[in-house]
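Here come two complexes built around subunit A, the first alongside subunit B, the second alongside subunit C.
Up next is the complex of A and B:
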């Protein structure tokens, strides 16, 4: 450790302006602060500072994502062997998914961090930790069959156009991970929807009777038929338990509600995720679900409100996406409104608009755009309260 | 206890080194210094030069723009140095004490029988006027102002703060005399903020004031928080604030006719051997005390508390407003994977370290490391949890950063000074220097609006 420290200190002069390796300063700094918490001491203001920093915070979000990731790996293998009709034990199933998903994660991090480091160097900044989470979120919201080059293109698009052009972590308007997904969704729709993209088949062919459709698309398809012809459970062929536990096709990290709830527990226990937003998002989703139940114009609308929570990416979005502190509402009151509307629009788009089987992504992106407006009115009400106080007295 | 105001937001930092209720007498320090930096926004104009003989209460420098406000020597002796920093800014005027401790003579009087003009005159002449600060801005009060009220917080809730019940237990006469003098300076009331957790031996008996009780963690003892809860400050209004120490010094002046700089201080912190109270003097050099009372010789000596106190270079002098000295270890070390370790011994209000599993009674050693690099604002809600005010701190700070005077005004710049947002700075994940941003905002308000 001492040797490493000494070596780093020896390299430092070369990275300063005019040094041989100045162009690597930001990248080197990122590695250095990854290895060692710097020896900076307080010079003004409070003499003591909390131990928490952005690295710690982001690391905990990644830890919270791990259950979803690990289950995603298992489920990828599980869906593969289901589709091809083979019976295998736990580890081969897991390793099938591991082999499929690891390259996606690597591509996401290499491309994203590469751009971040380059951008930091151009600006003369330190590399920000924000992408550590984004880089993990992106693989988890993609279908497992997405070609790696598409991942690379969408990551590059989102990091450059959703984040760096606005000034980097802390300045972006939209959630960068969802921008990457939205980019793929509209640029390569055939890779992001339909029934064939959710299960990695390899060179194998599908056995009879396996559809590969997600519960969402089944429900959406059934909604087009007259109500009387729809089979039981609104046309969804999966059991509620499978949908809850996650043994269904879908984006890599979104299927297991158990894994997501473990992640939610980690975020809430460490107080990194905001419970107000999570709670109000779910409330908004349930509210819209009830309204649709009342209308009940087709079979999809009769899906019980609570059942929407275990279908598709609603819960994943509510736990990991809506809670993004940068792109969401920042005031306490704003958070309630923001979360509620995300949930409400998420279910509305999902059920009412047949062109988009999953509404959560679009709903969050729309509300990202409105979050500053919500905050604006909350701030204005605070200002008015202060003014009124002065008027009452005089 | 009638008016109890409960504040939920805030944080009591569990830091090691609380003072024991023991008072120790020590010899008087050899040198004393008055630091212009203790008084926000002051431009000093010297009244003495090196070699001049001074007494306690002799002006060392005055306010360049309000020369009637004098800043005086705490003791009698000889001016031995005027230390300057960059651009010849005066850092401190150092007085070498003779052992006579003589004071200028001021008339003894019962403030009840004096007019407000007499009282102002005596406070200005004696150099005790700077004990009165004005809100907004937390600067030394302007004698011409008419404050709508005077606020005094009778407890200090900051980390390791001295217990005022212990420190002031023998000062009840000076206290009441000081209050009587201050009563003449405002047409409004004097508001005292008391803690429900203390006995308030001398404070609860104060006559001629309105008493409110506060219950809650730090910063409930900050006078700014108390003003916000009792009588919020609006644009164009002025209130004055004092610390109990200042009231007592004013009281002593009228009782004895002498300038008396003595005060009891607490020497606290994890680097202090047996933290306790000492009979000390305002402006006194801490060198003698530190030489014998620290467990190790290396550490950061802070005049004041760990959140808002100040450090000076080689020699440390007790600040004008301070009645505590904190000593914590320096944090100038590298820690391998420090951000990733479980951190059972790293206290953090954020719960991101496992120390939250330990008992709440556990005390920790805090050092001066920033524990990370500065970043943009990312997390939300952090500041709101430790600021018991109806103010949106991040929006106020952003308004200051873009120097938007109107927005600062609307978002509450008149109601805060640095110390009120010190906890925000402590908890900040992005390591933003909140207090210097607040001061920057206050300075541009003073510049723009006067």
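Up next is the complex of A and C:
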């Protein structure tokens, strides 16, 4: 480590203004602070110093995402061999998924970090760590068959228009990962929805009886039929255990609820993720589920409220997306309202609007926009309350 | 305006060229955004729309400027509307007669030229206070500035959204996924939000080239 430290210190003068490598300053700084805890001191005002800076926070989120990622790799292979009717042992299955997913991750990081570093250099800022997590979230919420160039386009769009335009990490209104997904969803709908995009087949053909439909699309299709004709469990052919463990088609990281719950535990134990938001999101989802159960106009609406939690990306969104500290609500009461409404709208869009099979993405994006408004009214009502108290006493 | 000015004096030429860049109706004055989003999914309707707006702006500016001293101030908006509406109906009928398919595509948006903010803006801000010839030039200039932005937006939207330009296929057919290729048209480009984002990008580029245009 000492050698590395010395080498970095020796390179530093070359990166200052007028130095040979000035154009790489931002990128170099990023690598340096990644390797060592930075020794920057604040110039003005008092700041709390803590070893848990933005970079450590982001690293912990990455660790929390690993179970979902690893399971996603396994499931990609599992779905592939299921669809083509082969039986293979654990490692080839995992390795198949690994080969499919690794390029997506690489593309996401190369494009995203490239733009981030270029933007930081133009502005003369340090490179922010914000993309570290976004770059991992983006592959996890994509179908595994998405062409790499589409991922590159959507990443570029989201980093430029959802992040850099607003001023970079910490200033974005929307969650950049979800903007990337929303862009893909609207720009290339045939690659993002339907029954054939969730399972990577390669050049092989599908065995009879395999559909590749997600539980969400099965439930949505069944809802179009009269209630009496719908097969058991609301037209969903997967067992509850499979949906919980994740052996179903779906976006890469969203399928296994077990892996997501492990990630949630890591986030909550380290207090990186906020339990109020996670809890209230699930509460909101359950609440909407109960209301729909009461209406029960078609078979989709009769899906038990709790079963919505193990379908689609609801839980992934509730754990990793809603808790984004930048785009979410900041005040304590605001977090309850924000999370509750995300869950509520997520289930509502999913069930009521057949054009959008998964509502979580749109629901989080729309609530991202309302988060500052919620915060504003929470703060205002607090001011009013305290003002009233002060006036009564005097 | 000076008494002995040439028809194409420097001042008059400026009326033509300024709206193309520094006083562009869309990117600087932020007028006429609505129609810029609505008709730019393809190049052809965008060009026809720009021409129509240019003609209507120029001639309504001219007519209003001729009668500017006789219009009672309190009913000037009504008078402006009558002139504009008459011109728009003329343009609409001409389009229907000669380019029926495009006129179908533009549907209500030709009629909605009446409510185009650029028209009212230029009539109020320029034609009511200037002589006919400069007013006419101002109308042409603003129509052209509007058209320039429209055509730029439509170029990108049609190229990436439909893979064609002016209706001709530009992207080779064998590139498409349906034909065994890898390419796919960007459906987002067809949607109006993308037009707004492109306008944003144009404004962004223009402002960073000319920092004096940045307003706080």
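The working rule: the second predicted complex is superposed on the first by the 384 of 394 C-alpha atoms of A that agree within 3 Å, B and C clash if a C-alpha of one lies under 4 Å from a C-alpha of the other, contacts with A are read in each partner's own complex, and residues count from 1 in each chain.
By definition in this document, a contact is a pair of C-beta atoms (placed from the backbone, for glycine too) under 8 Å apart; a residue touches a chain by one contact, two chains touch by 3 or more.
Predicted model, so just to flag it, every value in this text is computed and none were measured.
**Q** After lining up the shared chain so the two structures overlap, which partner does A:269 touch, if you call subunit B first and subunit C second: first, second, both or neither?
**A** A:269 sits against subunit B, while subunit C stays out of touch.
**Q** Please indicate which partner A:190 is in contact with in the superposed arrangement: first for subunit B, second for subunit C, both, or neither.
**A** In the superposed model, A:190 contacts subunit C only, not subunit B.
**Q** So, does A:386 touch the first partner subunit B, the second partner subunit C, both, or neither?
**A** First partner only.
**Q** Decide which partner touches more residues of subunit A, taking subunit B and subunit C as the two options.
**A** Comparing subunit B with subunit C, the partner touching more subunit A residues is B.
**Q** Which partner chains sit in contact with A:149 here, subunit B, subunit C, both or neither? Use first/second/both/neither.
**A** So A:149 only meets subunit C here.
**Q** Does the superposition put A:168 against subunit B (first), subunit C (second), both, or neither?
**A** A:168 sits against subunit B, while subunit C stays out of touch.
**Q** Report the residues of subunit A in contact with subunit C in the complex, numbered from low to high.
**A** 147, 149-150, 153, 161, 165, 183, 186-191
**Q** Tell me, which parts of subunit C touch subunit A in their complex?
**A** Counting only subunit C, the residues touching subunit A are 177, 182, 184, 186-189, 191, 197, 200, 204.
**Q** Would you mind writing out the residues of subunit B in touch with subunit A in their complex?
**A** Those residues of subunit B that touch subunit A are 13, 15, 232, 234-235, 300, 302, 306-309, 311, 326, 328, 330-340, 343, 346-353, 366-373, 375-381, 384, 390-392, 394-395, 410-412, 418, 422, 425-431, 433-436.
**Q** If you look only at subunit A, which of its residues touch subunit B in the complex?
**A** Residues in contact with subunit B: 1, 5, 33, 35-42, 44-57, 59-60, 126, 128-130, 167-171, 269-272, 274, 325-326, 328, 330-332, 379, 382-383, 385-387, 389-390, 393.
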